[in-house]
Amino acid sequence: MEQLNLGDSKGINRRRRSDQTLHMIFLACTSIGILVLMALIVTIVMDGVHRLSPELFTNFPSRIADKAGLKSPIVGTIYLLLLMAPLSFVLGVGAAIFLEEYAGRSRWVRLIQLNISTLAGVPSIIYGILGLAIFVRGMNLGRSLLSGVLTMTLLVLPIIIVAAQEALRAVPKNRRDASYALGATKWQTVSSAVLPSAIPGIMTGVILALSRAIGETAPLIMIGALTYVAFLPENLLDSFTVMPIQIFNWVSRPSEAFHELAASGIILLLIMLFIMNIAAVWIRNKYSKNI
Amino acid sequence: MESIIQIKKLNLYYDTYHALKNVDLDIPEKTVTAFIGPSGCGKSTLLRTLNRMNDMIPSTRIEGSVQIGGTEIYSEEVHVEALRKQVGMVFQQPNPFPKSIYDNIAYGPRLHGIRNKAELDQIVEQSLKQAVLWDEVKDYLKRSALSLSGGQQQRLCIARALAVQPDILLMDEATSALDPISTLKIEELVQELKSKYTIVMVTHNMHQAARVSGQTVFFLNGEVVESANTDTLFSTPSDARTEDYISGRFG
Amino acid sequence: MNKTSPVAANTKSMTFRRSKTRISDKIIPILLGLCAMLSVFTTIGIVYTLLQESVIFFKEVPVWSFLTGTTWSPILPPKEFGVLPLLGGTLLITGIAIIFAVPIGLACAIYLNEYAPARVRGVVKPVLEVLAGVPTIVYGYFALETVTPFLQKIFPDMGIFNALSAGLVVGIMVLPMISSLSEDAMRAVPKSLRHGAYALGATRFEVALKIVLPAALSGVVSSFVLAFSRAIGETMIVTVAAGATPQLTLNPLESIQTMTSYIVQVSMGDVPRGTIEYGTIFAVGLTLFVITFLLNILAQWVARRFREEY
């Protein structure tokens, strides 16, 4: 019997070796991502952890590093979050429901969809300019919490709309058919048969959008969230500040002590984001089996 | 039996595709009428004109008349939600909502304004009894409907459709996704129901039509070829094409 | 056509009228439609705001000298309003970022797609997602406090504020974007194509390079364009680490200013409405918006135009 001719072994070996080499190169490149993340976390923790103390929560920002705290930025961030959440949820999910369930596929609708995905790519500082011109100056709301809430809502809206649309689209068609066949109107079908299944996906999208919002600095600088706020906002029209802006303020100072404070602020901010992301994942996992 | 549904010169187009051609058909009350024919012949399409489910396909165009209970259902004055309450539908794939068994059945009545818990309880029990599912689930009404087997889910869907007290029940290949035992249970169920409801069923299985229905309609290429008493159609069909289909020469 | 016809005596006569009309079904679609229109109003608002104030600005400063001038000194006399230094600074940062992020991002995507075992994917993908979610101010801190001192050991005459540090960190920021979008594009290539190539004895690299990449090219290139656009619009990293010196230079070791960091700088001071300095916010903002808008349109066009349908 003839032996199987396995061909040009030198050529195959060469190809296999280059494949292995490239495998290593690709692996190395991918490790860069992991290394960077580790470097980031280690640096920040090392710089900031010894400044973590209860005073951070109880003190206002101050010119004296040892007396400075994050009370007003933390409260400002929380207020921003609490006010943005319902507003952006209602507007974003409302738009998504309209586009998915009511609007059809005409040219105008596709244009609106294109518009939304374009808005998602607009730099956040442009939203800041918009907020400055329309809310702060145009509507005379001034450099207030309300201006901030409205500006940031516009910023996250495209993200929420896209996430909500995907969640609605994931509900199978026969769910809607069953509802219509029982004599439901469109809104009854959407609210009772479609939305309940889509809510976990929507909630996940909203939480992720909000976690992006509380990390944003530039738009709030534009609308005038101050960098030195030693009081808590009492009403919607008061000035305010948020954590990223305070961190920015401290980083911009030449003193090493303030840089360490910035790092501790970053640790707190990252913890907030971590909690929010865990919540999003938990919601997605808890409710996904019901779909 | 008098006819409760009267279809005259019905033509249906999807854009330019002529799906139903000049359909003239009378469907008698309180009987089981079966639509049979090879796939793509229009039987499901015709079924869906009866509860106007094909309104939801944007390119649909209808000419002709469909009268149910003496009323032209495609007239402007008819509210399609009220029509669908009277003309219920069960689909090929069981499609219970991801809610409890109770909430699935109560969904329909709640849509139409019934809120009283005692009344809903009674409707749920009655509907599940009619669908021969009550004994199997009566202690588990709060459990998710998705935990039921395929055959049970389909009986749940039947109960759900019956909960709004329709006069007519449309079944679109309702057993083709089920195992033979569940299929048999549902066929028995249909025999029970026909004393109260008019049933129109589309089936790709002509033996099922022969077993279950009183009237059979044979479709081909969007046309009604023959409509007759089931025994008559299967033993002495009057059209050659019907005979060919029944004897398995095509389809 | 008769609406009703006489029915036989035994059959029930049915009419199909709703018992009550629901107001919610009439009002709710309108409310929902307004929510959707909000996005349109937002875009109109952005364009209108930028244009309106820019028009006022360009009455004072001719468009031509704005677009071609090589000195940017809007506050200190002698006042000059040439945007090229800002544009140059932006492009320098973006260029560094892209040179760093494209090869590495693509390598990550290829690795995750063709080589990585599931366990490794389970670690790398979350890491990339985390990198994508880090707030930019945190990256700014990282650039200033960690990357710059590290680079200063390699380039001793580099200043604290420089383009290289910021550019690299912007690259790190857009890396996950390139990696995950490219990976999505590659994953969309049907397995049957890959299997056909493997069955002919191709190595993993050959499959990735010759089969998968060409098929996924539109999505991959689109991801590059999107990353480029994102890098151009980046604000906080460059504000913290790149400096505030508007100058046209190709030297990454020097301090520069980008369009975005200029806008931030100006608005942190009190700029009265109606002054020419106020107008610069909008003129520069308009430039930035037009560039990123065109890039986003380009990205979508690329994704669609060269997509191979399966």
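All chains are identified by letter, namely A, B and C, in their written order; residue positions are counted from 1 within each chain.
As a working rule, a contact is a pair of C-beta atoms (placed from the backbone, for glycine too) under 8 Å apart; a residue touches a chain by one contact, two chains touch by 3 or more.
Here the structure is a predicted model, which means the values were calculated and not measured.
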Using the contact definition from the top, classify how the chains connect: line, ring, star, complete or other. complete
Can you figure out the chain closest to the middle, judged by Cα centres? A
Measure off the straight-line distance from the CA centroid of chain A to the CA centroid of chain C, and report it in whole Å. 14
Between chain B and chain C, tell me the centre distance in angstrom, where each centre is the average of that chain's C-alpha atoms. 52
Chain A and chain B have mean C-alpha positions lying a whole-number Å distance apart equal to 48
Going through chain A residue by residue, note those that touch at least 2 other chains and give them in order. 185
At least two partner chains per residue is the criterion; list those residues in chain B. 81-83, 112
Where on chain B is chain A touching in the complex? 51, 53, 56, 58, 81-85, 88-89, 91, 93, 95-99, 107-108, 111-112, 144, 157, 160-161, 164
What part of chain C is in contact with chain B in the complex they form? 1-20
Chain B residues within the chain C interface of the complex: 2-4, 6, 29, 65, 67-73, 75, 77-83, 86, 112-113, 167
How about chain A: which of its residues touch chain B in the complex? 104, 172, 174-175, 177-185, 188, 192-193, 196-197, 290-291
Which of the residues in chain C end up touching chain A in this complex? 22, 24-25, 28-29, 31-36, 38-40, 42-43, 45-46, 49-50, 53, 103-104, 107-108, 110-112, 115-116, 123-124, 127-128, 130-131, 133-142, 144-146, 172, 175-176, 179, 201, 203-206, 226, 229-230, 232-236, 239-240, 260, 263-264, 267-268, 273, 281-282, 285, 288-289, 292-293, 296-297, 299-300
